[in-house]
Structures are given as C-alpha cells and as structure tokens.
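Structures incoming, each one as structure tokens.
Same chain, two partners: chain A is paired with chain B first, then with chain C.
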Partner chain A sequence: MTSLPLKSSYKKPHKAGIGRFFVLAALLIVLLVVLLPFAIVIINAFKTPEDYATYGPLSWPTEWSIAGIVEFWQRVDYSQKLLNSLLISASVAVIGVLLSLLNAFALGIGRIKGRIWLLILFMVANTLPQESLVYPLYYLSKEFDLYNTRFVVILIFSVIQSAFGTYLLSSVFSTFPKEMLEAAMLDGCNKLQLLFKIIVPVSRPTLAVLFTFFFIWTWNEFFLPLILLISNDRQTVPIAVGVLQGQRNMEATLSSASALLGILPCFIFFLIFQRTLTKGIAAGSVK
Partner chain B sequence: MSTSKSTFRLSFMLLLVLLTSILAACGSDSATTAPSGSTTTSNEPRTIKLWHYEGANSAMGIAWAESIKQFQAAHPGVTIQFEEKGFEQIRQTAGMVLNSNETPDILEYNKGNATAGLLSTQGLLTDLSAVATQRGWDTLLSSSLQTTARYDDKGVMGSGKWFGVPNYAEYVMVYYNKDMFAKANLQVPTTFAEFEAVMDAFVQQGITPLSVGGAEYPAQQIFYELVLSKANREFVNAFQLYQGDVDFRGPEFTYGAEKMAEWVSKGYISKDATGIKAEDMGVAFTNGTFPIMISGSWWYGRFSDEIKGFEWGTFLFPGNKLHPGSSGNIWAVPTNAQNKELVYDFIDITMSQDIQTLLGNSGGVPVNADVSKITNEKNKELIQNFDAISKADGLAFYPDWPAPGYYDVLVANVQELIDGTKTPSEMLDAIAIPYQEHRATLGK
Partner chain C sequence: MLLKRSTNRGYWWFLLPGLILFVLVIAIPFLMNIGTSFTHWQGVGTPKWAGLDNYARLFRDSTFWASFRNNLAMLVAMTIVPTLLGLLLAAVLYDYIGNKFGSGTASFFRAAFYLPQILPVAIAGVVWAWILHPNYGALNGFLEALGLDNLTRNWLGNRQTALPSVMVIMVWFQLGYPLVIFMAGLQRIDPEIYEAAVLDGADWFDRFRYITVHLIRPEIFVVLLTTTIASLKVFGQIYVLTRGGPGSSTLVPSYFAYQNFFEKANIGYGSAISTVMTMIIIGLTIFFIRRQSAEEL
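Right, the complex of A and B next:
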C-alpha cells in the first residue's frame, strides 16, 4: 500500500514536471510581456520631466517624484472625473443588468414568438461599430435637450450593454431546468415571483459577472462620452487622460501619471469583484 | 456559500448608496447652475466660456492665463470660465459642439482648410472681418500670418473673410548642441555648403548629425526645407494657395527629393529614422545623442526647461529665404456664441503688447511683442529670427496643408525615400497624385 503511491508520486510528477516547467516558463514570458507596458507606465509616472528627457523612457527613476501625478490630478480636477465615471459606470451596470434580466426572462424563459429573430437583432446591434451611431445619437440627444448630460450617456450605454446582456442571459435561461419552473408555478408563484424569487437567486453568479463587465466596459468607453459630454465637469476619466495629448508635444511623464490614474480605479474594482467573477464563470446556472 | 452571498449583497448595497449620494450631489449641482443660464440679457453677472488646449506651463498657457486676469479686472461682473481641452477632443467634436447650444463663446481652433476652413463654410464661425479692421488686427499681423486667418467661400485659406485671429506664430529652425559643435571645433554654418560641411565633419567622427523623426511630421519638414531652398514665393502660393500650377517634376521638388536621398546616403540621416517618432527625436536631441535637430519652435520652451547637460542654440536653415512655418492656432468665435463684444475685448487683450511680450518671455513666438522688453537672450534670438522671416515674407506654411489626408501621404513617401524603397522621382510621382486630385475637386 505504501509503495504504490510512492512509486506513482515519484514517476508521475517527474514526467509532468518537464511539461509543467515549459508551460510555466511560457506563462511567465507571456506575463512579462503583458506587464511590461504597465511597468513602463509606472516607472515614468514617477519621473521628473528632466529625468525622462535625459535618460529616456526605460531607465530607472533617479528620484521618485509624485509631482506629475499631483499636477495631473489638479489640472483636470480628477476627483470630479472619478465621480462622473463612477456614477455613469455604476448606473449603467445596474440598469443594464436589470434590462438584460427582463429581456432575457421574456426571451429565454417566456419563449415569446419570434425570439430567434429578436436575438439575432440583439446580436447585430451588438456588433454595430459605435462610430456609425455617433451622428444619430448626437442629433437625438440635441433634439431631446439631453446633449452634454451624464444622463444621456447612461441611457445609451445601458441599452448598448443590455444588448449583449440579453443575448447572453437568454441563452443561459433557455437551459434553465423546467422542473424547477414548473414546481414553482405549481406552488402558486406568479411571474414576478418566479423571476425574482427563483431565477434571480439561482443565476446570481451570472448576473454578477454581467454587472462587473458592464461596469468595466463602460468605464473604459472613450468615443461616445467624448462626443456627448462637452463640459469638463461632466467628463469621464478616459477623456481626462486624453486632455494631455497636445498637437505636437507630448508630456511623457504627465501622460504616464494620467495613464496610471486612469487604470487604477478599474484595477481596484476588478480586484474587489474578481472573486465573484471567477465564481460566476466556474459555476453553472444551477446549483 | 452564505458568506460570499452576503459579501456580494454588501458590496452591491454599498454601490447603491454611493450612487444615490452622487445622484443627489448632481441634482443640487444642476439646480444651482440652472438660473445663471437664463439671466444673460440682464445686467447680472455674465460668464464667457473659453476653451483652449495649450498646457498651463506653455508660453501660450501663461500668456492667456494673464489675459484672463486682465480681462476680469477690466470687466467687473464678467467671469471667464476656462476649460482646458485636448487637441484631439476639439478636433473631433468641434463641428458638433459648435452646432449646439453648448458651444463655448470663444475657442482656440486648429488653423487650416480642413478645420477652420470647413467650419467657416458650414456657417459655424463668426465673420470677424469688420472687427479685425475696427480693432486694427489686420495691421498688426503680416500678410503671411493673415493667410491662416482668412478663408474664402470654399473654405480655402489665404483670402476672403476673417474667421480667426492668430495670437502667436511658429517656424522651423535648426537646433544645435553647442558643446558637440565646440568639441568638434565647428562653427555655426551660414551657407548651405557650410551646413553640409559641418554634417560631413560629424559623419567622419562617426556621429550621425541629424536627429530625425521619420514616422511623423519632422522628416517631411526637412524635405520641404530642401524644396524651399530652390523655391520662391510664387511657388509657395501655387503649391499652398492654388494660385498657379505646380510641377512635381520641376526643379524645386526634384532638388528637394534628390538632396534628401543624398543626405541619407552620405549618412547625415540614419535609415533607422523612419521608425522614430517626433517625441523620441526630441528626447534623442535632449540627451545629446545627436548634435543637430531640424524642427519647429514648439520645442523651444521644452528644451529651455529640460536640457541641462549641455549648451544649445538655434539658427535658421542656412541659405533659405523661405521656411516652413505659419501663424499658430487661431481664436475663433462660434456663430452661436453669446456676448461677442466681450469676446472681442478678450482677443484684443491677448493681442496687446504686454501680453505678447509675456508670451515671448515665456518661450513662445509672439506676433506683436516689444522685443526690447524680452529679457531672456535665447528668447530674444528666437523672436528676432522670426521677425526676420516675417519681414521678408518668408513663411512657407507646412507641406501637408494643401490637401486633406496629405500628412499621411507625405509621412509614408518620405519614409520610403529615406529607406530607399522609392527613388526620388518615384516618390515625387506618388505625392503628386493626391495633390492634383484634390485640386481637381476644388476646380482650381
């Protein structure tokens, strides 16, 4: 009994060890390649412009200076931008998930007529490039007096994100065990109760994933907010980062500082929700 | 399982609380701003919305901040609400913003046919012709500076109504590393032949003389300098303002392209330059890798701040009467702007001699400065060089101006000229086509 596991534990890991070593090495290289740009951003964010000009972008900072970060923060009133981004992304995430949920309830569980066509429609809407939407959205928002408001950005992205959400949730819901639904109906559940007491609790991991994605996607949106938000006090973080790009000159250290500040909130949000994310992907829709 | 559920619920509720508090903050915010918009007609406090995209430490940023101060001192009850924008942001959204009621009252805008010219044809910019004469801006600005202020009914610059007011200027010159020149025992060249001799001397010592950014605008400006060395004003007017025919196989372009190829083969320009961006070109000059860099006055302030390791100076491209350069970007007044008279007062202040002198002292190229009050010797040299060009009517604008999308055509073809994939004549034929096509669509 004792020799058998010893033997196998001696042989097997050894064989897998070489393979593992290569996989690990390859992963490490990929990790390095992925992290390198971030490392450069961080190094340069803490350099002084003179330091950058003398030794170039790849050298280690001669002294760590937070002047660039402070200057960028004050120059663009970063606290305000953070609030705006947070407001817009969080609202979109909440509204987008709610919309997707209601749509998917009708399409995936309710199996209304023509749902295949509706799903295809959502798919197509999902693949439309945003650039093609710019002029219609611009004119509509002007027509409804919503141009240059955060509300219109929330509205638009809630719809855009829920197009994807509907598509995803509908296919998840279409595999929802019928027995559970029938049992609930037999117990006297009405449709609202069915949705909020049965389906939502069961599919919470999927909803959490959607919520996280919607938040991060909306946070990183640049083009539509750029077009629709005119006043500086309503703009979002990615637009603030864009302010530094001059016509001919680029302030490399300041740009790095802004990039760092631009990435950081999203990164922190991801860290907080990372557990729900992995859980949502790992877990099926049914416990 | 129950713990993860409760953490999820907790974080979700936290978010909701945060959301509602932000929403509440926004609500009170909009409530306070709402009345100010409706009182523009009465004598109550008025605001002017001003946009520009110059950094706060740049010469223009400093001068305009002072202008805002002076304006507010002279106009009690009027506040200027300044918003710093990105260049790209204004470039991409100006057409839409100016067509809405969220427009600023005055903005810095990119000069040129594709930008200010286009907006003027769409009726989005105020015609400033009468104001320009009334306030004397037309006499203050030399004719080559006025080129970018005036656009005809097709949006082509050079003639017609005033749609903008340039407040500063820019031009291309030669930056050099005094220490490296001294070490190699070289003098500042005054003729084209001397300039080539200086570069030969560096090549013999194993130093590539020119820092060139071939992936962006710098290389085409060197090419244009070389073309201009054989050109006159008529050539520039024909090429830039469509006044007369342009022959891309004529003596000017042929000389420019062949000379550029020769400079590469002689080692003045490295073939690796094709992959270098403008920013890296500047950094390479700043850290003393190259002794010479041919580029614009927009580097001046930055070099003054950042070059610590050696002495540097500038001279005009030797032998040339014409130089790439133009007015800077322009003040434009949207058609939908409010309080236009106040805006004109503001432009007037930015054109005044003491603001212009401040701009000069901060490292910019002013259009109306009192040179005797420029304290920094280096800045004085910069401004005097510009005055010499301006007086001789020597601003030849930039090679990518005449046709939309021409910038990318020039970048690609000058790159191919440098790395040798195209001969000079092939390169000239390639850049001729889009130019002639655009002129055909204009009917000029």
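Right, the complex of A and C next:
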C-alpha cells in the first residue's frame, strides 16, 4: 500500500476493454428515452401553430416563437397562479417546520409520557390517503366560511406535513447529546432558550431539509387544492395546468407551452435545492 | 438524572399547538369520514343511518373491484418495476460506470434519471397527455413519420392501451426515486468488500446478488413501503390523463371515491371506499414495519 485509495469510490485494476462503451451506450439510450418527453415539450412550446401543423411535433422550430407561452400565461393569469403557489408553499414550509419543531421538542427531547403512542399516531397520520379526509375537510371548511381560501389550504398542509416532520425530527432529537442539554440547564437556560438557542442552531441542516421537502411537496399537491380552491384567482400552478388539460379546444402548441410553464418552476427549485435535497434523501433513507 | 426529575414536566406545553391542530385537521375529519361511511348522505340534510349497507354494496360492486385491480397494476408500475430497474441501474452506475468512467459520470446519470421526480404529478400527467394525444400528439406524429401509420391509436382513449400507457408513464415518473435512494445506500458500503470479492473471483453479477442487494436491504425496505403506499393513493395522474376511463379501465379507488363525493353526491359510499383503502394502507404499513424490526433484531 503505497498510496491510500479514495474511500468514496472503490477502484479495481482497469482492464482495457471496449465492453464498457457498450454499457455506456445502453445507459445513454435509456437516458434518452427518459429525457425525450422534456425535449419534446420544450421544442413544441416555442413553435407557432402553423409550424406545428406543417412539420409535426418532432421537427426543430422553424422560428422560435413565444406566442404560445404568452397566450397561456395570459389565459390563466399565470402570474397570479405563481404567486398563489409561492405563498401557499412558503407559508406551509415555515409553519410546518415550526410545528414539527415544537412537537419534536416535547417528544424527542422532553420524552414526555406516552410519546411512543403519539409517534405512532403521527406516523399513521402521515400514511393516510387524502381521500379519507377530503370530504369532511371540504364540509367543515364550508361550515366555518373558510372554503375557497388560501388560508385553509395552508392550515391543512402545515398540519399534514408536520406529521412527517414530527416523526423525523423526534428521532433526530432523541440522539441529541445529553451532556449538552444538561450543561445548558445548569447554566440556567429555560426550555424556550434551550430550544431556540441550543437545539435549533445545532440541527439547522435537518431543518433546512425539512423546509425544502415541505415547500416542494406542497407546491406539487393536487388533490386537496383541486377540491378546496375553486376560484381562478386562488388556484395553484398544478391546478391551473391540470384543469386546463381537460378543455378540448386546446391547441397542441398551447398544451405544450402549459406543460413547459408547469415544469419550469420545479426545475428552478431543483437547481436551487439540489444540494439540500440529495443530502436529505440520503438522510431520510437510513432511518 | 438531574434533568429527568426536575424539568421533564413543562414539555407538554410545546405539544399543545401541534396536537390541537392535529385533532382539528386530521383526527376529527378522519373520524367523521368513518362515521359517514355508515350512512346514506347526499352532502346536504341529515345523514341517514345505513349500518353496513355501503360496505356490503362495495363488496358486490364490480366497478370497485375493477378499480382495485387497476391499483394492483399501479403497484407493478410504481413499486415492482421501478425497484427492480432502480436496483440494476444503481448497481451498474456504482459498480461499473463509477469505476470505469469516474463518479462524476455516475452522478450525472443519477441526476438525469431523477428529473421526472421533480415534477408535480399533475404536470407529469399533462406532459404525457399531450404526447399521447390522438390527433396532435407527438407519439402518433413520430409513428407516422416512420411510416408506421397502422400503429397509431388513441393511446389513452382505448380500452386495450389506456392502462398499459398509464403504467409506462408511472415507471418513467417513479424510476429516479429508488435509484437515488439505492445509490445513497451504496455510499455507506465499505469499498473493500467489493475489492475482496473481486480478488476472490466474483464477477459483476455475483457482486450484485451477494453484496449490493444484500447490504442495501434497509433502503429496499423503505422504497417498497413508501412506493406501495404511494401507488395505493395515486390520483393526480389519473385525473389528468384519463379520469378513470375509458369505462373503468383505468379507474383507481381514490378517483372512484372522488367521483362518489363530488360528482354523484354519494358521500356515504365514497367514505366507505376511502375507509377501506385507509385500512389497507395502515395494515400494510404495520406489516412492513414489523417485518423491518424483525429483520433488524
């Protein structure tokens, strides 16, 4: 052993061979199939309807036109949809993380009585199908005059997401070093200070992952927002795009433009959050 | 010791907001839904007690059973196929591409395969509904360009092709999820195990069977559990792609419940469907978790 091998990627003696390029080529073909729908959406979103009618869906645009995108944007008032989605997702992420934090503080650090049962409760809630809650939520929100408000959607998703967050954070907190907690208590910290001065700063990476998850999950939600938000000016991006799909008088290029506008924000989030996300998926997979 | 006795009490207060909201938003609606499943109710007026009528009807309803069978097809398309393909791809990327072309190439493939996962399910549905559209869709256009006109069809509007089409879309959508989790799992395996296996003369497939699959069992468990549950809940794609049709050829229980709630105003029956699905999901969760803790012991 003259030099230490890299721990992350194991190496074995290279056999000079052409075979590896066949494997690579096969993978590239699979990749092409996976990415093809994205490519088709992009090229057709920038075509004019005439161009599409003449050359079909697979040709390169004869000229890049944003007419379809502009038309879809105006038809559904896309700026408003983006704003609604942003407002709802960001609020849910903040409130959901806060609720998870408070719950997990009591369960993971405080180790209150009955915490096992409470954890099971949160876990079961996390697996409930939304159709088992949808009608009562619809009915109750009407009774309380909250139907068709962004507020009720924020409230509901904050609680639903925090069920997962509580579960995850509690198990993270239960491994929190005891010495640190005791030292803080001996220094005269009260519980609020303990939570916000000691625990929050230390577990910031986990909180960031939770925030990212909650934001993206809420952004992607379809079922409950579809039921609870009926007026156009309160709907979210997936609802606007998904519902318009049902209308039969859509032009192909317009349909493609709507798909592109639906994809674009997610792609931007993906680029922004990629680091936290990959870390988070890895963290969530083992326990 | 000190901490335990003197300060453990005040923690309940921190649980209060979360617990109150949990009761309001999840517990009460959940119990209400079970309650209405024992009634006949149009959504207005007072629900009429019906005992087990809705459940008896459910048991005899061929539409429900059709939706349930389609759910099994979703299980194949969202759990079984992506898990198997994901395992194979993860192993190829880690134990082959990673070696021969560097880990950068492997990461690139991982990110690209993950891309469909970032889409909201409804948007993914819109992308495919458009590609498969009978008149102006890209797939039929592609087949015509190749001169294969007789292969073109109304993919989502045809009883024979609707379900398989939806299944292919689901595989496309799901594949990145197991792949990313499995590759993360492979990171924690000591590379020396592979090196030792190579020295012992193990070929790629031996290493795949005896090392890769064996050592990332916890990840496989997580993927099986989460995707099985997801497949039982699938709604958005069906809503956007086919609305359960044609006939009931792509109907799934969540969409069937939705129809009963909001199109047919059969609240009692809709509640019964969703209660049955909930019980199945909770049962599966318990089963998986028991198996997992049994394996860890």
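The rule is short, and it goes like this: the second predicted complex is superposed on the first by the 226 of 287 C-alpha atoms of A that agree within 3 Å, B and C clash if a C-alpha of one lies under 4 Å from a C-alpha of the other, contacts with A are read in each partner's own complex, and residues count from 1 in each chain.
Here, a contact is a pair of C-beta atoms (placed from the backbone, for glycine too) under 8 Å apart; a residue touches a chain by one contact, two chains touch by 3 or more.
For clarity, every value in this text was computed on a predicted model and none was experimentally measured.
Shared-chain residue A:Pro238: touches chain C; no touch with chain B. When the two complexes are overlaid on their common chain A, residue A:Leu181 makes contact with chain C while staying clear of chain B. Applying the stated contact rule after C-alpha superposition, one finds that A:Gly56 touches each of chain B and chain C. In the superposition on chain A, A:Val34 makes contact with chain C only, while chain B stays out of contact range.
Residue contacts after overlaying the shared chain place A:Ser258 against chain C, while chain B stays out of touching range.
When the two structures are aligned on the shared chain, A:Ser132 is found in touch with chain C, with no touch to chain B.
Using the contact criterion defined above for the overlaid structures, shared-chain residue A:Ala25 touches neither chain B nor chain C, since it reaches no partner. Set against each other, chain B and chain C touch different numbers of residues in chain A, with C touching more. In the superposition on chain A, contact of A:Ile160 is made with chain C only, not with chain B. By the document's definition of touching, of the two partners only chain B reaches A:Ile230; chain C does not.
Shared contact residues of chain A with chain B and chain C: 52, 56-57, 138, 226-227, 239, 242, 245-246, 251-252.
Residues 2-3, 7-8, 10-15, 17-19, 21-22, 24-26, 28-30, 32-33, 36, 43, 89, 92-93, 96-103, 109, 111-113, 115-116, 118-123, 125-131, 133, 136-138, 141-142, 144-145, 172, 175, 180-181, 184-185, 187-188, 191-192, 194-195, 198, 218-219, 222, 229, 232-233, 235-236, 239-240, 243, 253-254, 257-258, 261-262, 267, 270-271, 273-275, 277-278, 281-282, 285 of chain C are the ones that touch chain A when the two sit in their complex. Of all the residues in chain A, the ones that touch chain B in their complex are 49-50, 52-57, 75-76, 83, 86-87, 90-91, 94, 138, 142, 147-148, 150, 204, 208, 226-227, 230-232, 239, 242-252, 272-273, 275-276, 279. On the side of chain B, the complex with chain A involves touching residues 4-5, 8, 11, 15-16, 18-19, 22-23, 25-26, 53-56, 83-89, 92-93, 96-97, 100, 102, 110, 217, 278-279, 283, 286-287, 296, 298-299, 302, 305-309, 329.
Of all residues in chain A, only 5, 7-12, 14, 20, 23-24, 27, 30-31, 34-35, 37-38, 40-41, 44, 52, 56-58, 99-100, 102-103, 105-107, 109-112, 118, 121-125, 127-140, 155-156, 158-160, 162-163, 166, 178, 181-182, 185-186, 191, 195, 216, 219-223, 226-227, 237-239, 241-242, 245-246, 251-252, 255-256, 258-259, 262-263, 266-267, 269-270, 274, 278, 281-282, 285-286 touch chain C in the complex they form.
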